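Paired with subunit B in one complex and with subunit C in the other, subunit A is shared by the two complexes that follow.
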Partner chain A sequence: MNNSKKSFFVALPFIAPFLLLILFFYFVPVVLTFIMSFTDMDFSLRWNFVGIDNYVKLFRDQNIGIVFMNTIKYVFFTLIINVGFGFLLAVITTYFIKNENKGLLFKTIWMFPRMTPAVIYALLWLWFLDPTESGMLNMLSNKLFNLPSQNWILNHPMTVIVIANGMIGASLGMVVFSSAIKSIPKTYFQVASVDGASDWGIIRYVIIPFLKWPLMFMTIWQTLSLITSYEYILLITDGGPLNRSEVWSLYSYHKAFKNYEFGYGAAISMVLVIIAVIIAIIMLKLFGYDAMMNKNKIKKE
Partner chain B sequence: MKHRLMPFISKALIYIFLILTTLPIIIAYLWLFTSSFSKQVTFGIIPKNFTITNWRFLWDEIKLGLTVFESIWPITFNSILLAGSVTILEVIISLMAGFALSRLDFWGKDFIMKCTIILHAFPGVALLIALYYVLNFASLIDSIIGVVLVKVALELPMATWMIKGFFDEIPWDIEWAAYIDGCTKFQAWYKIILPHIKPGIAAVAIFAFLAGWSEFIYSYIFLFSSKNYTLSVFIKNLIGDFRFLDYGLLSAAGLFYLIPVIVFFLISQKSLMKVQFGGIKG
Partner chain C sequence: MEVRIKNLTKRFRNFVAVNNLNLSIKDGEFVALLGPSGCGKTTTLLMLAGIYKPDEGEIIFGDQVVNDIPSKDRNIGICFQNYALYPYMTIAQNIAFPLKLRKIDKKIIDNKVKEIASSFHVDSLLSRFPNQISGGQQQRVALARALVKEPKILLLDEPLSNLDSRLRISMRAEIKKIQKDLGITTVFVTHDQTEALSMCDKIAVMNKGVLQDFGTPEELYNMPKNLFIAKFIGNPPMNFMDVVYIRENGKVILKEETFQIQLPEEIYKKFEEKQNGKELILGIRPENMKLTSQEENTIKGEIYVVEPLGRDKLVNVKIGNDKIIKIIASQDYKGNMGDKVFIELDLDNIHLFDKENEKSLRINI
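And then the complex of A and B:
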C-alpha cells in the first residue's frame, strides 16, 4: 500500500460527509436531468423513454422564441446594473466619500435588499408598484406629476424584473469592488494627484486597470447566476403577463411544476446545465486553477 | 474661486446621486415598519392611527372568508428547525472537509478541489426537477429534513472553500506541536486548530443560518403539507390572498420574518462587507 493511498484513508472520515452530499445532490441530479430529458416523465415519476422528442418539441415550441429573447434582454440589462452600477457604488462609497463611516452607512443600506428574504423583498416591490394609489410609485406620480395610476407590473414587466434583480446584484458588485479598490496601494493615488489627474482620470487610469480581474470575474459570475436564477421573477411577475417576463430557467420550472411535464422541463434545464458547465470551465481557465487556489500548507510527515 | 467651487459642486452632485438612488430602499423598509403599526399610511410612509391589529397573527388565527390560516408559531418553529439544522450540518461538514483539503494530502484531492471550484459557481436551481426525483426516491419529499439536506449540499462548496481559506492561514507549527504532544489527527483538528478559527466559524455559521432562514424556492416546491410550511412559504401564501386587501397584515408578518435577519445582519455587518470570493486575485 503506497503512501498516498494510506493517507486517503486518513482523510476519508473528514471528507466523506462532504462527498456524499455532493454526490447525491449535485452529481446524481446532473445525470438524472440528462436521462430525464429523454423521457416523457410526469408527476407519477415513471421512466418512459421517448428519444429526442423533448428536444424536437423545444425547437417547435412557439413560446421558446419570446422566452429566449427575454432571457437575453434580462441577462444583458441586469448585468449592466450589477456590474456597472455596482462599480459606481463602490467608487463613490470608497473613493469619493473619504469618511469611512459615511461610506459604510450607504454600503449597509445597499446590503439590505440582499440580506432580505426573497419573499419580503418581493412584497416590498409589490407594494411599491401597486396598481392602486396605495403603491408608492403611483402615489408619487399622482401627487408630483398628476398622472393617473397605472399597473406598472402589467405594463413594464421586463423593466421591473431587471431593476429588482439589479438592486440585489449591484450590492455584491459593490462589496467586491470596494475591497479591490481598498487594496490599491495609496501611492498610486498620490502620484496621480501630484501629476494633476482629475477624479475621472484617476478612475480611468488607476482604478479601472487595477479592477480588471474583479470586473471580469463579476461579469462572468453574474451572467451564470442570472441565467439560472428566477426566484425574484417568480415572486414578482411569475413570468407574466402572458410570458412577457418569462425567462429560460423560469420556463423550465413552469413546465415541470405547473404543467407537470418533468421530462420536457428537464430538457429545458439541460440547456442551462450545459451553459453552466461551459461558463464554469471558462472561469477556471481564465482565472487559472492555481490562482484560484490558496497556497496549501501541507508538510509531509 | 472657480477652483474651489468645482470640487464642491461635483461632490454635492455625487451625494445627490447617491442619496436619490438609495432613497427608494430606505422608503421601502420604512414603509414596512410604519405600515405594520398603523391603520393607514399617508404619503406611503407616514403612519396614521396607531394599531397593533396588524400583528394579530401572533395571538389569533387569520381568517379570510372561510379559509383559516395556520397559526404562525408552529411555522416559525419549522423555520428555526430548518435554519438551525442547515447551520449545524453545514458548519460541521465544511469544517471537516475544509481541514482535509487544507491540511492533508491524499489521493483524489486535486480532483475534489477542482470539483469544489466548479460547483461553487454551479447553480442548484437548474437541478430542481432532478432534486425532486432524488428526494422522492429517498422518501424525503414533503419533509423538512429533505430541504435541509438539499440546502446544505448546495451551500457546501462555498462554505468549505471559505473554511479552507481560514485553515490555510494557521501556521503549521501549531499543528506540529500537537502531534509532538501525541495528538491524533482528529484531536489536533478538534482541540488545537478549531479554536484558532473561531471568527471564521462564526462567519460561516451566520451565512448558513441566514441562507436557511431565508430559503424559499426549495421549501415552496418540496414541502406541500401545511404542517411542514416554513415562514417563507406561509408569507408567500398570505401575499397571494391579502395583496390587495391588507398591506398592514402583510407588512407586520413580513417584519416578523425579517427580525432575525436584521439582528444577525447588524451583528455581522463588518465581516459581511469583507466577504471574500475564493478566487478573486488582482
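And then the complex of A and C:
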C-alpha cells in the first residue's frame, strides 16, 4: 500500500460521517433528480419514463423567458448589494471607524438578519411592506414625503426581493472583507498616506488590490448560492404577482410541489445543477484547491 | 529642512508613550532615535509622519507648525522595517507610486523612476515583483520609493532589522552615503546602538517615553549623562560596580567589598563632591582597563573565561564571589581560566553615578 492510500484510510474514520452526509443529502438527490427528469412523475409518484420530453417542454414553456430574465436580474442586482455593499460596510466598519468596539457594534447590527430565522425575517418584511396605511414603509412615506399608501410588493416585486436578499447577503461579505482588511499590515496604509494617498487613494490602490482574492471568491460563491436559493422569495412574494418575481429555482419548486409535476420540476432544476457544476469547476481552476485552503494571500516580506 | 519638536506628548489611553519631548534637528542632519522597544521612538516617528496626532506640543518643519497637516501634504519619505512594497505592483510601479498620486505626466514619471532606480542599482529589476527579489534589493527599492518624490525629510523605521548581518553592515554605509549625498534631513529609528553610533550625526536616546539625552555619538559614548545611557550604549557594555564614596584627609577612595581605589585630585575634581559613605555606581568600559600584576590601587580577581574576538580578546574576570567584569585585552594576551589577575583602571575614563537617581556625577556636562 503506498503512502497516499495509507493516509486516506487513516483519515477515513474522521471524514466518513461528513462523506455520508454529503452522499445522502447532496449526491443521491442529484442522481435521483437526474433520473426523475426523464419521467412524467406526478402526484401518483410513478416512475414513468418519457425520454427527453421534459427538456423539450422546457424550451417551449412560455413562462421560461420571464423566469430566465428574472433570475439574471435577481442574481445580478443582489450580487451588487452582497459584494459591493458588503465591501462598503467592511471599509466603513474597519478602515474609517478606527475604534474597534464601535466597528464591531455596527457589524453586529448588520449580522442580525442573518441570525434571524428565515420565516421571521420574511415576516418582518411583510409587516414592513404592508399595503395598508398602517404598514411601516407606507407610514414613513406618508409622513416624510406625503405619498399615498401603496402596495409595494405588487408594484415593485423584484426590487423588494433584491433588497431583502441583499440585506442578508451583505453581512457575509462584510465579515469576510473586514477580516481581510484587518490582515493587511498597517505599514501599507501608513506608507501610502505618507506617499500622498487620500482615503480614496488608499481604498483604490491598497485595499482593493489586497482584497482581489476575497472579492473574486465572494462574487463567485454568492452567484452560486443566489441562483439556487429561493426561500425569501417564496416567503415574501411567492414569485408573484403573475410570475414577475419568479426565479429559476422557485419555478422548479412551484412546478414540482404546487402543480405536482415532479418530472418537469426535476428537469428545470437539472439546468441549475449543470450551472452549479460549471461554476464549481471554474472556482477550482481559478483558485486552486491549495489556494482556497491557504487563505492568506498577503506576502508580508 | 529644519525640524523642531516642542513639548511633544502622546498618550494611548492611560499609557504615556511619549512624554514632553523636545528635539531640535538641523537641516541635513542624520538623527537616530535610539531606545529599547516600547520607549516611544516609533511613536515619535509616526507623529513626524502625521500618522499619529500629538496630544500636546508642536512639531515644526522649517517655520511651519505641521500638527494639523495630513501626512500626504507633509512632503516626507518613509521606509519601514518590512519595506511595505505593494506585492501586486512591479518594482517600477512601486517606485512610481508616490509620483502617480501627484498626477505627474507619465513620461516624467518614467524618467524619474529610471534615474533613481539606476542610482540605487535596482534598474535591472524594474519589471519584477517584490517577492521575486532579495531582501537587500527590497530595501533599496523601498528607499528609492521614499526618495523619488524628493522629500524634505526622510523617516526610517528600523530599516535594517530584516537584513542578514553582513548585508546590514554594507547597507549601513550605503544609507549614510545616500543621506550625505542628498543632504536630506533624516530621522532614523533603531534599537541597535551600533547602527546609531555608526550612521548618525546625533543620537536621541529615549527610555519609557522620556528623552534621556541628545548628542553626538562621541558625547553619548564618552560622557553618558545617566546610568541608562551608559548601560545602553557601547558593545561590549560598560561594567558597573557598587561602591561607597569615602573622603578622608583630602583623599577620595571608592570602596567595594573586595577592593578599594584611590582617586587622584585631578580625577575626583571632575565629579561632584559627595558625603562620606554615599553609595555610588562605578562604571568603566571594557577597553579602559588593563590586566597587570601590580597590586597597588587595582582590583584583584580571577579569570573566569576568555573569549577571543579575533582582533582582541574579551577577558571575563570574577571579582569577589559572583561579580563578573569584562575587559578587552590584546590578541596576544596569555591568561588562562583560574589565573589570579589584577585589574588596573584607566582613571581618566571612569564614570560615577548616583545610586538613587542614577544621574552621572560628572560636572559640566
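Following the convention adopted for this analysis, the second predicted complex is superposed on the first by the 275 of 301 C-alpha atoms of A that agree within 3 Å, B and C clash if a C-alpha of one lies under 4 Å from a C-alpha of the other, contacts with A are read in each partner's own complex, and residues count from 1 in each chain.
Everything that follows uses one rule, which is that contacts are C-beta pairs under 8 Å (C-beta built on N, C-alpha and C of every residue); 3 or more make two chains touch, one makes a residue touch a chain.
Model, not experiment: these values are computed from the prediction.
Aligning the two structures on subunit A places subunit B and subunit C next to each other without any clash.
Judged by the touch definition given at the top, the superposed model places A:L19 against subunit B, while subunit C stays out of reach.
Of the two partner chains, subunit B is the only one that A:I120 touches; subunit C does not reach it.
Of the two partner chains placed around the shared chain by superposition, subunit C is the only one that A:P209 touches, whereas subunit B remains out of contact.
For subunit A, the partner with contacts to more residues, out of subunit B and subunit C, is B.
In the superposed model, A:D195 makes contact with subunit C only, not with subunit B.
When the two structures are aligned on the shared chain, A:L144 is found in touch with neither subunit B nor subunit C.
With subunit A as vertex, the superposed Cα centres of subunit B and subunit C define an angle of 80 degrees, given in steps of 10.
Applying the stated contact rule after C-alpha superposition, one finds that A:P185 touches subunit C and leaves subunit B untouched.
When the two structures are aligned on the shared chain, A:V175 is found in touch with subunit B, with no touch to subunit C. Of all Cα pairs spanning subunit B and subunit C in the superposition, the closest are 7 Å apart. Shared interface residues of subunit A (contacting subunit B in one complex, subunit C in the other): 210, 298-300. In the complex of the two chains, the subunit C residues touching subunit A come out as 46, 49-51, 70-74, 76-78, 80-84, 86-89, 97-98, 101-102, 130-131, 135, 138, 145, 149, 155, 162. Remark: subunit A residues 4-5, 7-8, 10-11, 13-15, 17-19, 21-22, 24-26, 28-30, 32-33, 36, 45, 89, 92-93, 96-97, 104, 106-113, 115-120, 122-124, 126-128, 130, 132, 134, 136, 139-140, 143, 167, 175-176, 178-180, 183, 199, 210-211, 213-214, 217, 221, 224-225, 228-231, 234-235, 249, 252-253, 256-257, 262, 265-266, 269, 272-273, 276-277, 279-281, 283-284, 287, 289, 291-300 touch subunit B in the complex.
Residues 10-11, 14, 17-18, 22, 24-29, 31-32, 43-44, 92-94, 96-97, 99-109, 112-115, 117-119, 121-134, 136, 149-150, 152-154, 156-157, 160, 164-165, 167-168, 170-172, 176, 185-186, 189, 210, 213-214, 216-217, 221, 231-232, 235-236, 239, 243-244, 247, 250-251, 254, 257-258, 261, 265, 269, 272-282 of subunit B touch subunit A in their complex. Of all residues in subunit A, those touching subunit C in their complex are 185, 187-188, 190-198, 201, 205-206, 209-210, 212, 298-301.
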